[in-house]
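A, B and C are the chain letters, set down in written order, and residue numbers restart from 1 in every chain.
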Amino acid sequence: MLKYILKKLLIMAITLWIIITLTFVLMVSVPGSPFNSEGNSNEIVQANLEKHYNLDKPIPVQYLLYLKSIVTLEFGPSISQPNQTVNDMIGRGFPISAELGIVTVIVALISGVTLGVLAALRHNGVIDYLSMGIAVLGISVPNFILATLLIQQLAVNLEWFPVATWKSPMHMVLPVLALATGPMAIIARLTRSTMLEVLTQDYIKMARAKGLSPWKIIVKHALRNALMPVITVMGTLLAGIMTGSFVIEQIFAIPGMGKYFVESINHRDYPVIMGTTVFYSAFLIIMLFLVDIAYGLLDPRIKVMKKEGE
Amino acid sequence: MEKILEVKDLHVTFKTYGGTVQAVRGVDFHLYKGETLAIVGESGCGKSVTSSAIMRLIPSPPGKITAGKIVFKGQDLTRVSERKMRSIRGVDISMIFQDPMTALNPTLTIGTQLIEGLKQHKKISDKDARIRAIEMMELVGIPNPEERMKQYPHQFSGGMRQRIVIAIALICEPELLIADEPTTALDVTIQAQILELFEKIQEVTGVSIILITHDLGVVAKIADRIAVMYAGKIIETGNKREIFYKPQHPYTKGLLNSVPRLDTKGKLQPIDGTPPDLFSPPQGCPFTARCPFAMEVCNKVYPESTAVSDSHRVDCWLQDERAKQLLATMVTN
Amino acid sequence: MKPQKNPQHITSKNVPDDWFTWRGKNTVEQELVARPSLSYWQDAWRRLRKNILAMSGLVFLILLILFAVFAPVFSPYEVDTGVLSEQYQPPSAEHWFGTDGLGRDVFTRTWYGARISLFVGFMAALIDVTIGIIWGGISGYKGGRTDNFMMRIIEILYGLPYLLVVILLLVVFKPSLFTIIVALTVTGWVGMARIVRGQVMQIKNYEFVLASKSFGTKTPRIIRKNLLPNSMGPIIVQMTLTVPSAIFAEAFLSFIGLGISSPNASWGVMANDSLGAILSGNWWTLFFPAFFISFTMFAFNVLGDGLQDALDPKLRK
């Protein structure tokens, strides 16, 4: 297990380093400097930029100082909003985005697994076709289109839900629905197919031969094994939910990090784009690492290597 | 002797895209208390389906018991509720599967898998359950049971896993144990150990065993009686001596001749051809097409079961007086 | 060749004596009943044809491609010139899908959008496949340290957040058809390479490959003749699933302002442009691009699922 963790840790570090370096290389190679484009005539901003990115120094030194600033979690200033730093934006936006993300993950997991299990248990029955129909639609309709439809139908036409901003639980319903549908569909399909495979395994027959109740067989023997592949795709799903939140926050006017990020893209606010990308990537890569560890803990074939490893 | 199990005219079908497969087509046999009955046959002859039917573990749909009775200790298992059946499975009747590599859940410890059946059926404290599990592991010959209970299946060898599967099957002290090809997936040296284990547990617990196998070597070692199955029917039953030394059905003879033995010289004789398609089984004897002694009658009518001795029965037209005359003329020619 | 029908009144009790005559073995009769042999691809096609959902996806995609190619040619309208006085016309005989805020014909723009979305999707898939087959093929075939090294690189690239890298690239290099496709494939090929590697590693140990090797067949020939044809199934399935994800990515990028710019229209750009319009009741400006994005993805997904089932040798019956 220790060896497994160390290996994953090393890969995580390299991936992080690559994304950090990539942002730096891309910014340096932007034709003209991204730091003195036309819209940027503000002197305070220019001073901040020069200070943060050490523009007066040679590029290798800039790079090293940039690495240092990232390690110390200083993500730099903003061009479009003087007196603001990327850290300020993260501080304000991240809690909201995280709340949206966590609720979405929970909703997607619970509904996806439930749909998938029901479909597998009623294989080729009405429930199976129904839930797989929902799942294929969920995968096919892009989240920003779903979001627009939801706003138009449920918020504007029927006025069931408030739209825009982030105040009450009612404000959460539509964005979460729009964001969770895709991941839910993927989880449902995956759960169904692994569940179908697991249900034909000998150990399920064996559990039945022991006289266990169907409920116990499903929860203790089948689901546990069927969910292992779901854990492996959690990293990808988190990435999808995160990038999805960019547009969802934009559409629902939720003051999260994603909204700031899309605004910074529209304003070509390069320092903010760089800083937020590095932050997002780091967050995601660490999440991926945690998912890997969780998988290792749940799969005894990896977990027990601990005894030999230590 | 007391009959613990009696199967009468059992029919099982499977609906598939290609049509309905008549996997078991009227099987009769019985099992006495404390004996070992081997059901022998080629793959696909319905022997595993028969054993699953006794446990009522046939996947349904597509499978279905369409007719017949399975009388276990006086009650017909084809008629009891699923709930009642659950209280019989693992407690009164247990089952062992072919491949010990897949029969154990890879994500649960051996201890958990041993104890859960016990906890399901009996009011027993965790501590007593553990003691019982350790006892069982000792019985099936697993060293350091306390340590090994905490381990996972992948930390055990194939032979050890099969011992655990046997321990799981026996932990609630069932009266009937169904073993479906219990040694097929194992190395030859391990096979012998597992067979010895079967003999030992039968001695200790007095459990009755139905052994499903295609391996006549296994049968010769531990069976008391043998039922030979072909194309969904039991075509010959008898005790071990009768089947091995006085086989009556041409199929049984063919089966015995196709097995290498030290005491016979010459080439092995395989049985030509393949078993019939059970989508549309022949209405006569299913072995007709491959039988060196086939007569017109065999192709048209299925023979009645004939008693050769008190314990030996066979379904074959050669038992008919007229066939015996025909045979006699052939010999004199 | 069915056995003769047995007259009803005859049971095992009263069979006539003259039925007791030798018949002998007749195993030939049985062996004749074999199913017609079909090649792998014929068999796959036979099974795919039975899958109604997958076939309707295929038909939809073929129609879509035909329309994307020909509809703009026959349309009387230009993609990017509108008549401002005709803005927000609902669907009518002149403008089948209505007009947008600049008075442009939505029908014409939809098919131009189809060209772009399909082009991006297919190009991305094609590039992914090419790189994936080369990288995965070498990695899987060579094995050992080469494989180890190449897999580490894949593992690292796999950890990079796909869309963030794409966004980063497009922020720096101005979005165009070319840069979008490049950005989508920079890390996109990794999934394909993994699949190809897995396939090659499995197949290279099969006996028929070992047999070719023992005859002294050269490596490139083995790869071309043995490995590729036998790993085609999963590669095709992965391709069918890459196309919709590239189409989605392109639409997503348009939506956050990194899409293809005027005068070209992509579905994502059209959807983004009409976000405001929909609230004022001009539903058609959003509906058509949204419908076609969703249905194209749907069609590719069901076709991919169908192919997966049809091409799986394990399911051959």
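Keep this in mind: a contact is a pair of C-beta atoms (placed from the backbone, for glycine too) under 8 Å apart; a residue touches a chain by one contact, two chains touch by 3 or more.
Keep in mind that this is a model prediction, so the values were computed, not measured.
The chains in contact with chain A and with chain C alike are B. Nearest to the overall CA centre, using the mean of each chain's CA atoms, is chain C. Remark: chain A and chain C have CA centroids separated by 25 Å (rounded to whole angstrom).
Chain B and chain C have CA centres that are 47 Å apart. Chain A and chain B have Cα centroids separated by 53 Å. Not a single residue in chain B touches at least two other chains. Within the complex, the chain B residues that touch chain C are 17-18, 272-274, 276-277, 282-284, 288-304, 317, 320, 322-323, 325-326, 330.
Chain A makes touch with chain B in their complex at residues 201-203, 205-213, 216, 220-221, 224-225, 228, 298-301, 304.
Residues 152, 155-156, 159-165, 167-169, 171-172, 244, 248, 251-252, 255-258, 271, 275, 278-279, 283, 286, 290, 293-295, 297-298, 301-302, 305 of chain C touch chain A in their complex. The touching residues of chain B, counted against chain A in their complex, run 55, 57, 86-91, 94-95, 97-99, 102-109, 116-117, 120-121, 151-152, 154-155, 165, 168-169. Against chain B, in their complex, chain C makes its touches with residues 3-4, 6, 10-13, 15, 17-27, 29-31, 33, 317.
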